[in-house]
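The following block contains the structure, expressed as structure tokens.
Going by the order they are written in, the chains are A, B, C and D; count residues from 1 in each one.
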Amino acid sequence: MDTKGYFGNWGGAFIPEILHETFEQLKISYAEARKDPAFWQEYLQLMGSYSCRPTPLTYAENLTKHFGGAKIFIKREDLNHTGAHKANNVMGQGLLVKKMGKKRVIAETGAGQHGVATATMAAKFGFECTVYMGEVDVQRQRPNVFWMEKMGATVIPVKDGSRTLKDAINEAFRDWVTNVDSTHYVFGTACGPAPFPEMVSWFQSIIGQEAHKQILEIHGRMPAKIYACVGGGSNAMGIFQGFLGKDNVELIGVEAGGKGLHSGQHASRLCGNDATPGIAQGYKTMFLQNDEGQMLETHSVSAGLDYVGVSPILVDLWEQKKVRFESATDAEVMEALDLTMKMEGIIPALESAHAFVQAFKEAPKLGKDEAIIINQSGRGDKDIFTIAHAFDDPSWKQFIIDRAKEYDK
Amino acid sequence: MDTKGYFGNWGGAFIPEILHETFEQLKISYAEARKDPAFWQEYLQLMGSYSCRPTPLTYAENLTKHFGGAKIFIKREDLNHTGAHKANNVMGQGLLVKKMGKKRVIAETGAGQHGVATATMAAKFGFECTVYMGEVDVQRQRPNVFWMEKMGATVIPVKDGSRTLKDAINEAFRDWVTNVDSTHYVFGTACGPAPFPEMVSWFQSIIGQEAHKQILEIHGRMPAKIYACVGGGSNAMGIFQGFLGKDNVELIGVEAGGKGLHSGQHASRLCGNDATPGIAQGYKTMFLQNDEGQMLETHSVSAGLDYVGVSPILVDLWEQKKVRFESATDAEVMEALDLTMKMEGIIPALESAHAFVQAFKEAPKLGKDEAIIINQSGRGDKDIFTIAHAFDDPSWKQFIIDRAKEYDK
Amino acid sequence: MLLENTIRNKRQEKDILLMTHIVLGYPSFATNRKVVAQMVENGVDCIEMQIPFSEPMADGPVILKANQESLAQGTSVKECMAFGAEMAAEYDIPFLFMTYYNIVYKYGEERFFKDCQKANIQGLIIPDLSPEMGENFFKLATTYQIAPILIYAPTSTNKRMASLNRSANGFIYCAARRGVTGTKSSFDEDFDTYLARCKAATTLPLAVGFGIQDRADVASLTGKVDMAVIGSQTIRLVDEKGPEAVGPFIAGLR
Amino acid sequence: MLLENTIRNKRQEKDILLMTHIVLGYPSFATNRKVVAQMVENGVDCIEMQIPFSEPMADGPVILKANQESLAQGTSVKECMAFGAEMAAEYDIPFLFMTYYNIVYKYGEERFFKDCQKANIQGLIIPDLSPEMGENFFKLATTYQIAPILIYAPTSTNKRMASLNRSANGFIYCAARRGVTGTKSSFDEDFDTYLARCKAATTLPLAVGFGIQDRADVASLTGKVDMAVIGSQTIRLVDEKGPEAVGPFIAGLR
């Protein structure tokens, strides 16, 4: 990150003046934390005792045999407390908030995963917590709303715009400019105004650090390829950082191909030709927008990848050809999910399953002595409503209908 | 365990002759495994790379302050793969099945937790898998059924008897006597005919071994008390074994008090006066049964504690006064759950919340320099249907009704 | 010794004996009465009467359901005992009780044996109780001269059979196959090998049960063993056609 | 220089100037036309016209909704430009564009400035673009002589205000409080301290906006600052009572 928050041509901080000072403070606190080895130690300690880091690197023996190529390893972020890598970022920011002396946190959430993680962190740290969530997502992800509320957070359904993630972000910013003195905005991914992309990536780098060490221990040398799904880009940045600059390790980001790259119903920013450079939500990146700069509606089976922008750091790495981007369609995702459950007894989140799709396409082409790592950013059992729905499971539908009859009296 | 499978006056193996030989083989394989340090190493390795053991021991700082007494530590079995301690037992038995060369596993399940764990293990090990589940439980726990099926298991709803856990056990035995050559019955808790109570407890002892080491590291000495919920008794045996025989460590098992010990609607075997010695489901223990030896219907808000029998090893320890038994009512459980979510950002399973109830009652009476450990056997987010229902959450109900409308066309 | 002798004597007269099974209190004691009458009249040699238990682990769907319905109607062990006494007084064939160990245990083992003796019950089949687990039970069986019937299974090793034989009395119940009661068995070569092993292990008479459903099944056992056991099939018959159907069915088996 | 001079000159004649706000294309350009006419006729001194953006991060619910509905009707930047040109040609007061940076960026910065110049637009308010982030933008503003209006906030330090002042032109827009547009502000002691800080940091005229809703609000600013900004309030008025209500409302403010 340069002094203006840029990574190459991307990033920056496009924020209302009212937030200027709070960003200055945040940048200072963040810089101090980064310089202070004790801070990272405290962070590691917290993640080791409250979540279960290091998360394992699991050898997927059955999938490996099935595809007959490279050894497939899965980095198990699904085993984090709250079920996804989101916890890493949130707990890190929690420590920072404590340092800054603020007493209230806010967050946006799409899938609900980041909202649950933030509500959890707030409960743990004793902060007040408000989570903004698009009304459409509130309806889709009621279980997550339930847990957030149970952990003491206030969930505010956002009724503007497309009523999804990007609108929740706007609304969170509106809260922040109003309550800037008391409040920290816990941004959920490696996007937004500087220093968020770098800071979130820093907290997530714990994934890559562990994976680097683990693959050397198990495999004896560097893997050939690393796969991660890319919504905002935080889990991808997290694992990629452990391997960036290592020769012969190829990094592959997988975006939401939705109904196909040519369908107009996807959320692929770097893969495909639908995104163009733009500035919104506080930063410059490749956005899915029309010619006049109005953001488009996106589509993905996974709420967590269904976003118009992408981490400026990843765009920079993409321009530098250090990360390759691919996409996975909704249909491919359901297939990869099915195979992984049946062969390994592991349930990737719909988001994570995107990374599995691409890995499965490429594993057979690699030698048996090579290794690849898939970053399993989260667990899928949180997505029962979406997954059972997507599989069109008749007993599930009947179950819901019966339950509703009980309630609808 | 003596040569007949007894612990004091309890246990044994009351099985049809057709199973005699398979139990002989099982006892031999188990004895070999127990003698072979490499087996336990392989087990540790599996649990470290496929699940995320060691699971952390979390210091619950906010709850500690809230109650103003002993330091409260939580052993985080909820962070296991599949979300509960059940994985420990199941993976261990999986290794044993591999050793014995069998290719098919069966299991009973109540809450669905053990069924999901077994289906997961079967997918991982490449075994065929059938899970028996009371029809009532199939209806209550559809999400778990969905995941079992997705992992390739066949779930058979049991329509006999009370259509709950004990009937699923009977049905699993019927399958076993039919397919005894190919099949291993993965018993889910520290009950059933010998060697199951001891074997399951052995695999679960990983909890106590870790907790012992962890509390010494963090607290510097032994804890004053250990709390665990008791359904069949496997998670309790798991953690207790790390501290049995240590002076000044009191072990407390918490049973399902349901609507109260005097309501007749509970599942308390050792606490309360409703259970008597008996022999069923292959072993001798304290059963909730009538004067003639017919088993009674039990009740608990948590499906996993809702069982007529209890581990013979625990009954023996109870007779020896080495473990104290208490009970927690449904209402107390919901309250403890609520508090734990709000204060620590942790969601105990309904089963586990029973242990929290008793710990919360006793923590304030202990000195601030003392420590207690609560075994959090599982995570509650798997129980959304039960928990949201028990909290009588109106938005949850509306959500289900709306979903049903979508399906009911 | 009583039961074994009775069986040996009867076997002098017939090529194969028949033992039948009823679940007490299902569908009612009144029906039980009618069924037993029909059985005895049509030449059944021995009847096992199951005292229902809420957890009949070794039974298949037909008998399982019968157990549950009987209990749902409130059948008590005391009533079963009285019914047993009544039958044994009325008919001159051996009557046995079949049940699970918890019923005996809760009743009080010694009391159970005493009452069985009074009722003139000649044997007990407890499928979940092995000699190792039932030391006291087997002692009492000797004391009270009530035969503890043991089961051989195709999975039992020769050694195991020999060892069981040491505690057995009356006759040996050979389970025709793996599995629970109620589904058909096939009496093939493997079965013959198994039977040979059974015979080698004991001098007691042999009964074969599990899935014997018709005349052909009985015929294929005739000459090979002493007694064929008809279990679920008569219960099914009573369910479907009433107690009157039992007599002709039994009469047609030999 | 143009805009600053115009404001200074007008200020000679009035105790306080009024700037109003409209969202282009909402509810329609036709209504915009009527509203602007009423505003000008009733003495408004300056009008900021918002080009709608799909992500208006700094705007409150009223303006947010107006942005969305305008876009839903298909409002394009080109139309906004043309409308701006039409107004500037028709009325002799300064017209400004307010929008977010992406609109300018996607249009092409230089092209945007050129077209603004042609349209005789005198200033631009871009709340998400600071001088650090907009080097080229601020250069072009000088080249094309279109004032880049900068915002002071109560959270801005003195140093920050001084630094912003170096890039600002036309006037300084002082946000009356934290938060987004649309809710009422209170002009208390803290506010006076803040205003004093603003004045110390710049020699440019000062406008105050965010939550100014009535005559009393305007009165409390009179004598203290050069211009009061009425934002959401007129949009609400048009929503509720139609464009005709705007004239009397404006007339009653001073």
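Note that contacts are C-beta pairs under 8 Å (C-beta built on N, C-alpha and C of every residue); 3 or more make two chains touch, one makes a residue touch a chain.
None of the values given here were measured: they were computed from a predicted structure.
Novice: Which chains are shared contacts of subunit B and subunit C?
Specialist: Correct list: empty, since no chain touches both.
Novice: Both subunit A and subunit D are touched by which chains?
Specialist: Looking at subunit D and subunit A together, no chain touches each of them.
Novice: Name the chain whose C-alpha centroid is farthest from the C-alpha centroid of subunit D.
Specialist: C
Novice: Per the centroid of Cα atoms for each chain, what is the distance between subunit A and subunit B, given in Å?
Specialist: Each chain's C-alpha centroid was found; their separation is 33 Å.
Novice: Measuring from the mean C-alpha position of subunit C to the mean C-alpha position of subunit D, what distance in angstrom results?
Specialist: 98
Novice: Where the centres are mean C-alpha positions, what is the separation of subunit A from subunit C, in Å?
Specialist: 65
Novice: Going by the touch rule set out above, what shape does the chain contact graph take here: line, ring, star, complete or other?
Specialist: line
Novice: Between which chains is there touch?
Specialist: Every touching chain pair, ordered by label, is A-B, A-D, B-C.
Novice: Enumerate the contact residues on subunit D facing subunit A in the complex.
Specialist: Residues 53-58, 60-61, 64-65, 68, 71, 76-77, 100-103, 105-107, 127-130, 132-133, 150-157, 160, 164, 175, 178-180.
Novice: Spell out the part of subunit B that touches subunit C in their complex, as residue ranges.
Specialist: Against subunit C, the touching part of subunit B is residues 4, 12-22, 160-161, 166, 170, 173-174, 177-181, 276-282, 287, 289, 291-295.
Novice: Residues of subunit B touching subunit A in their complex?
Specialist: Residue list for subunit B touching subunit A: 48-52, 55-59, 62, 76, 79, 81, 83, 119-124, 126, 139, 142-143, 145-147, 150-152, 338, 341-347, 381-382, 384-385, 388, 391, 393, 395-397, 399-405, 407-408.
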